[in-house]
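Each of the next two complexes has subunit A plus one other chain: subunit B in the first, subunit C in the second.
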Partner chain A sequence: MKVTFPHMGNMYICVKALLDDLDIDYILPPFTSKKTLEIGTKHVPECACLPLKITLGNLMEAYELGADTVLMVGGCGPCRFGYYCEMHREILHDLGTNMKVITLEPPHGDVKEFLRRIKNLTNNAGIFKILHAIKNATKIAIAVDDLERLTFKIRPREVEKGAVNEIYNQFKRDVINLKGSKEIIKFIEETEKKLLQIKTDESFKPLKIGIVGEIYTTIDDYTSFSIQQRLGGMGVEVHRYVTVSNWITEHIIKQTLKLPRDLRFAKAARPYLGTMIGGHAQETVGNTILYAQDGYDGVIQIYPLTCMPEIVAESILPAVERDYDIPVLTLIIDEMTGEAGYFTRVEAFIDLLHRRREKKQVEGKYILSGN
Partner chain B sequence: MSKKIGIPRGLFYYQFYPFWKSFFEELGAEIVVSDHTSRKILDEGVKKCVDEACLPVKIFFGHVENIKDKVDYLFLPRYTSVSKKEYVCPKFGGIPDMIRNTLSDLPEIIDTEINLRRTEKNALKAAIEIGRYFSDDNKAIKKAYKKALISYREFRQQVKKGIFPGELLDNSANRVQNRNKQNFSPIYDMINIKNEDKYKNNEDKYSEDKCDDKCNGDRSEEDNNLFNGKNRINSNMKLNIAVLGHGYNLYDSYCNMNALYKLRNLGANIITIDMIDENIINEKSNLLNKKTFWYFGSKIIGCAYHLLDRNDIDGIVYVMSFGCGIDSFICDLVERAIRRNKNIPFIILTIDEHTGEAGMDTRIEAFIDMIRWRKKYESDISSHGKHVYMCQSSAR
Partner chain C sequence: MKENTYYLGIDVGSVSTNFVLINENEEIVEKIYLKTNGQPIKAICEGLEYIRSRLNERINNYGNYGQFDNYSQFNEQSAQQFNYQSGIKSLVKGVGTTGSGRHLAAIIVGADVVKNEITAHAVAAQKVVPDVKSILEIGGQDSKIIILKNGIVYDFAMNTVCAAGTGSFLDRQAARLGIPISEFGKFALRSKSPVRIAGRCAVFAESDMIHKQQAGHSLEDIICGLCEGLVRNYLNNLAKGKEINPPIVFQGGVAANVGIVAAFEKALGQKIIIPEHYDVMGAYGAAIIAREKMENQQSETKFRGFEAADNVYSTKTIECNGCSNICEIIQIMSGKNVMSCWGDRCGKWSSSLLRYERIEAGS
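On to the complex of A and B.
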C-alpha cells in the first residue's frame, strides 16, 4: 500500500510527519503546479469548486508516481468539502486508476472509533505510538503556522527585500527531504531563528490587512497566487485567523474531546449571520468584524467561484463594511483567473487604503489643532 | 385587522407553500404571495443580489422586493435542514441574513430556524415559534400545525399523480394572483387547462389510493409507477421523460423558460422527482457509498438510481442552475451512474440569467428528436434482423 494525500498549503508538512512516525509508506504529490490544475480541470465537473480540481490533480500526479491509496478527511456538510472523498473516489474510478480512497471522518465525540480506523491503516501500531504521532503532528502544524505568521510580520519590515522569501521558500522545499517529526521540528526551529535574524526597519508602520474567506484558497499559496507573500513584499502586514492548525485544534481535537472552543468570531458574526451555515462563512463575517475592531486598515476576502458559504458571506460583508467602516475587497478565484488582472485589483485596493490612512491622519491633526 | 404575512414565490415555495398557507390561515393571518416570476422580478433580483449567487437565489431576492412593501411580516424561515442527517444548502441556511443585509426598508422578518437534522420533532417547535407572531394560544398553534400537515400531505399526494406543484399551487392558492398571467406563454395556458380537466376527470379514480407519505412502506413499486398501469398519465403520448432537479428550477416556468411544458408539447410524458415515492428514493439513496448530507442530493441520486432500475424511461433531463454548488456534484454523480449502467439518453439543461430561450428550445428539440430517432432506429434494426433471418430460412 502506497498512501497519498492532496495538498493544502503547508499541510503536507504535518501529514508527512504523521505518516513518517507511523511508518506508513506514502508518496508526496508534487507541489501544485499549472499541470496539476490542468489535470483537475479536465476531469472534474466545471461548476465544482476549485479545491476539488486541484486536489484531484494532486492525486493523479501521485498516482503516476505509484500511489494506490488516497487518504482524505471526510465531513458531514453542509458545504461540499465533506463530499470531496466521494467525488475523488468516483472520478478516480472512472479514470480507471483503481485507487482506493480511505476517508477519515471527523470522530464527533467517538474517539475510539477514530483511533481504530487509524490503527487499521498502520498495521496495528500500538495506541501509544498513534497518540504520540498525532500529538507531534499537531505540534508541527502549530509550529508551521507560527512560522508563517512570523513571515507575515517580518516581510513588510525587512530591509533587504526578498530576505524572508528566500529562507521561507527554501524551508518549504527542503522539509520534504527530512524524515520524522523530530527532524522536522528541529528544522522549523532553525528556520525560525534565521528569520528572526533578518534585519528589519522597526520604525516602519505597515498597512495591516486581514485575510478572510474559504480555507483552501486562503491557505494555499499556489491557489491564491501567493497573495500573502506578495502583500508582504508591497509593505503590507497580513494576518489570517484560519489556519491548518486552527482547523485541527478547533474542529477536530476540541470537538472530539468536547473542549470549549474559541468562538469570538461566532459571537461577533451573530448579528449578521445567525448560525453556522457551513464552510467558513461565519469565520469570514466574524473575523472581518474582529479585524475592524483591532484597527486593521482593510480586509481581503478570497474564495473559489461557486463556493456556497462564501457567497452568503459576501452578500453580508457590505453591511459589515458600512457598520464598522472597514474596506473589504473580495477576490474570486477559478482556473481562468489571470494573475495580472487579479493583482491590479489588489494594488488598487492597497492604494485606497493608503489614501484612507493619510486622510485619517490629516483629519486627526486637524481635529487636534482645532482643539 | 389581520396581520399580513408575505411569502416569496421562490425556493421552497414549491415544496412547502401548502403547509404554510394552511398554517397561517388557520391562525387568522392574511397571506400575500409575490407575483409570478417575470423579467421585472428577475432583473430586480439580479440587481440586488451578489453576482456569484445562483439564479434561484437571485429570483428569490426579486420576489422579496416584489412584496416587501405590501406586508407586515416577511416570512423567510431559515431552512437549515428539512430531513434527518441532511442539510438543505448553505444558501438556504443563510438566506434571511443575505436578504437582511442586502435589501433595505424591509418589514419585520420571521426567520425562525427550521432544523430537522437531529430530530423531526423540531418542526413543531419551529411552528410554535412562528405561530407566536399571530397567536398566544399554544393549543391553537398546534391545531394549525396539524391541519397544515394534512394539507401538505394532500398536496404531495396530488403531485405524485403527475401534476406539477406550480400548477396545483396556481389553481388552489391565489386566484387573484392568477389574473396576472402575462408571464406565461400560450403553451402554458393550454396545458394548464388541459391538465386541470384531466385532474378533475381522474379525481375519483385516484381517491382510492390516498395514502399517507409515511405509512406506505408496504406499497408495491407498481403502485408508485407513474407510467405503468392505472396511473399512466396519458397513454397515447409516446415518450416518457424523467426530469430531475430542484423544485424551484423545475416548476418556476419563467426560470427554466418553460422547459417542462416544451417537453410535454413535444409529446413527452413527464415524471419529476416529486412524483416518485419518498420511500423508494430513500432506499435507493442509501445505496451510495457515503450518503450525501444534502436533502436535494439524496433525493436526486435516489431518484436517478430508481429510474435506472426501470425500463419505461426514454430519457432523463437534469435541470440545473449554473453555479449551484450541490448540483455540480450531484449532477456529475448522476451522469456517471447513467453512463456506467445504462445507455439512456441524458441531457443537462443549465439555466442562468443569460440563458437564451432559443438555445434552450433547440437543445430540448434536439434531445427529443434524438430519442425518437434512436427508438425508430433500434426497432428498425431488430425488424431488419428478423427479416433477414426469415429470408434465409425460406431460401433453404
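On to the complex of A and C.
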C-alpha cells in the first residue's frame, strides 16, 4: 500500500511527520504547479471550486508516481470541501485508477470509527503509538504555522530584500528530505534561528493587513499567487487567523473531543451573522471585525470562484467596512485568474491604505505623497 | 533652472499608449495619444521619439526667436547647452509609468516610479478637480470606478465580468455598423426613442443589436440603446451600489463618446465633468506621481534618455524547466543584452539580474 494525500499550503509537513512516525509507506505528490492545475481542470466539473481541481491534480500526479491509496481529510466539512473526498473517490474511479480513498474524519463525532480507520491504515499499530504520532504531527503543524507567522513579521522589515524568502523557501523544499517528527522539529527550530538572525529595520512601521476568506485559497501559496510573500515584499505585515494548525486543533481535535473552542470570531460576527452557515463565512466576518478592533489598516478577503459561504460573507462585509471604518478588498480566484489584474488591484489597495494612514497622521491636512 | 525641467508620464494600455510631459507646475506641456496596436515596445519608442522632437523644437525655437513660453528664463548659454541630446535628457527630471504595460515601459525608458492605473487616474483627476468624489474611467479593455472621500481613494472596482462597454467593444460595433468611432456618440444623441439592449455581455449585446436591427429600428435608436445598456451594465456590475456623488469626473478614451456621456448623465441625474486631457489622464497621473517622488527624494532620475528610442528591442519567451511550474520567462533584450526578465515564480531568473532591475510589485 502506497498512501498519498493532496497538498494544502504547508500541511504536507505535518502529514509527512505523521506517516513517517507510523511507518506508513507514502508518496508525497509533487508541489502544486501549472501541470497539477491542468490535470485537475481537465477531470473536474467546471463549476466546482478551485481546491477540488488542485487536489485532484495532486492525487493524479501521485498516482503516476505509484500511489494507490488516498488519505483525504473530510473535516466533517459543512462546505463542499467536506464532500470532496467522495468526489475524489468517484472521479478517480471513473478515471480507472483503482485508488482507494480513506477519509480521515470522525463521522458524526464518532471517535472510535476514526481510530479504526487509522488502525487499518497502520497495520494495527498500538493505540499509544497512534496517539503519540498524532500529538507530534499537531505539534509540527503548530510549529510550522508559527514559523510562517514569523516570516510575516520579518519580511516587511528585512533590510536586504528577499532574505526571508530565501531561507523560508529552502526550508519548504528541504523539509521533504527528512524523516520523522524529531528531525523535522529540529529543522524547524534551526530555520527559526536563521530567520531571527536576519537584519531588520525596527523603526519601520509597516502597514498591517489581515487575510480572511476561504481556508484553502488563503493558506495555499500556489493558489493565492503567494500573496502573503508578495505583500511582505511590498513592506506590508500580514496576519491570518485561519491556519492548518488552527484547523486541526479547532475543527478536528476539539470538535471530536467536544472541547470548548476559541470562538472570539463568532462573538464578534454575531450582530452580522449569528450562525454558522458553512465554510469559513463566520470566521471571515468575525475576523474582519477583530482586525478592525486591533487597529489593522485593511483586510483582504480571498476565495475561490463559486464559494457560496464566502459570497454570503462578501455581501456582509460592506456593512462591517462602514461600521468599523476598515477597507476590505475581495479577490476571487479560479483557474482563469490573470495575475496582472489581480496584483493591480492589490497594489491599488496598498496605495489606498498608505494614504488613509497618512491622512490619519496629518489630521485633516491633505498631503499626497504618491507612494 | 527649475522652471525649465520636465517630468514624463507614460501610460501603456491595451489599446493606447500615452505620453505626457509636465512642467514643475504640473501643467501638461506636451501630450501624445498613440495606438498600441499590440506592439507596446514600438509604441513606447514612437512616443519617446515624438517627445524628443518636440523638446528639440522648443530649444530650437528659443535659439531662433530668443524666447519661447516656458523658456523665457533661459539664458543664451543654457540654451546652447541643451541643443545636444544629453542636454535634452537632462531636461527630464523624472519618469513615471502606469497601465498594463507599466513594467515593460519602466524597463525600456528607465522609470523612477511604476504605479498602477487606479492610483494614477485618481491623482490626475484630483489635480484637475480637487474636490472630485467619483471617477468613472473607461479605457480600451477595462473600466474602473474610483470613489474618493475627504480627498483620498476610499473605494475602487475594476471590471471583472466582461469587457462589454469598454473602448474595444465600441470600436468593434462602430466598425460593424460602418460608422467612424468619432461619429458614434453623435448618432446616439439624435435618437428619439432608444431601444433597450442587453448590455451585460459583449456577445449578447451584439446579438441583441443585430436582432433590433433586423426588426427595423433606426441606427440612431440602436446606438443610443447600446450606450444606455452599457452604462447600465457599468453601474450594475462595477459600481454595484457604491454611492456616486458629485463632482463626477469621466475620463479614459471612451469619455470622447458623447453618447455614453449623455447616457451617464441621464442614469445618474448629475452633471459629468470631462477633463480637457481626458484621454491621457493615466499618463498625467504617472507624471505627477513621478514629480512628487523626485521632489521628496531629491535623487537623480533613472531615465535612460531619449536614445532609448533608437535601440532595437526584442522580447524572448523561454520555458524554464527547472521545476514542474514550467514558468514562461519573458526576457526583454536590447540587442544581445538582457535588460530584464520576469514571469518566474521562484525568482531564479529575475534575481539573476541586478536587484534594482527586478520587477518589484511595490516599487
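One rule holds in what follows: the second predicted complex is superposed on the first by the 355 of 371 C-alpha atoms of A that agree within 3 Å, B and C clash if a C-alpha of one lies under 4 Å from a C-alpha of the other, contacts with A are read in each partner's own complex, and residues count from 1 in each chain.
Here, a residue touches a chain if its C-beta (ideal position, glycine included) is under 8 Å from a C-beta of that chain, and two chains touch if they have at least 3 such contacts.
Only a predicted model underlies this, so the values are computations on that prediction, with no experimental measurement involved.
In the superposed model, A:G286 lies in contact with neither subunit B nor subunit C. In the superposition on chain A, A:R355 makes contact with subunit C only, while subunit B stays out of contact range. After overlaying the two complexes on the shared chain, residue contacts for A:G9 are found with neither subunit B nor subunit C.
Look at A:K34: by the touch rule set out above, it reaches subunit C but stays clear of subunit B. When both complexes are overlaid on chain A, the residue A:L305 reaches subunit B alone and has no touch with subunit C.
By the touch criterion stated above, A:G57 is placed in contact with neither subunit B nor subunit C.
Contacts of A:G210 after superposition on the shared chain: neither subunit B nor subunit C is touched. Across the superposed pair, subunit B and subunit C both touch subunit A at residues 332. Listed in rising order, the residues of subunit C touching subunit A in the complex are 100, 113, 115-119, 123, 126, 142, 150-156, 158, 160, 288-290, 292-293, 296, 323-327, 345-347, 351, 355, 360-362. Residue ranges on subunit A touching subunit B, taken from their complex, read 45-49, 74, 76-80, 82-83, 85-87, 89-90, 94, 103, 272-275, 277-279, 281, 305-309, 311-312, 314-316, 318-319, 332. The touching residues of subunit B, when paired with subunit A in their complex, are 49-50, 52-53, 78, 80, 85-91, 93-94, 96-98, 101-102, 111, 113, 288-290, 292-294, 297, 322-329, 331-333, 336, 340.
Contact residues on subunit A toward subunit C in their complex (touch as defined above): 30-31, 33-36, 161-162, 165, 169, 226, 230, 233-235, 327, 332, 340-341, 343-348, 350-352, 355-356, 359, 366, 368-371.
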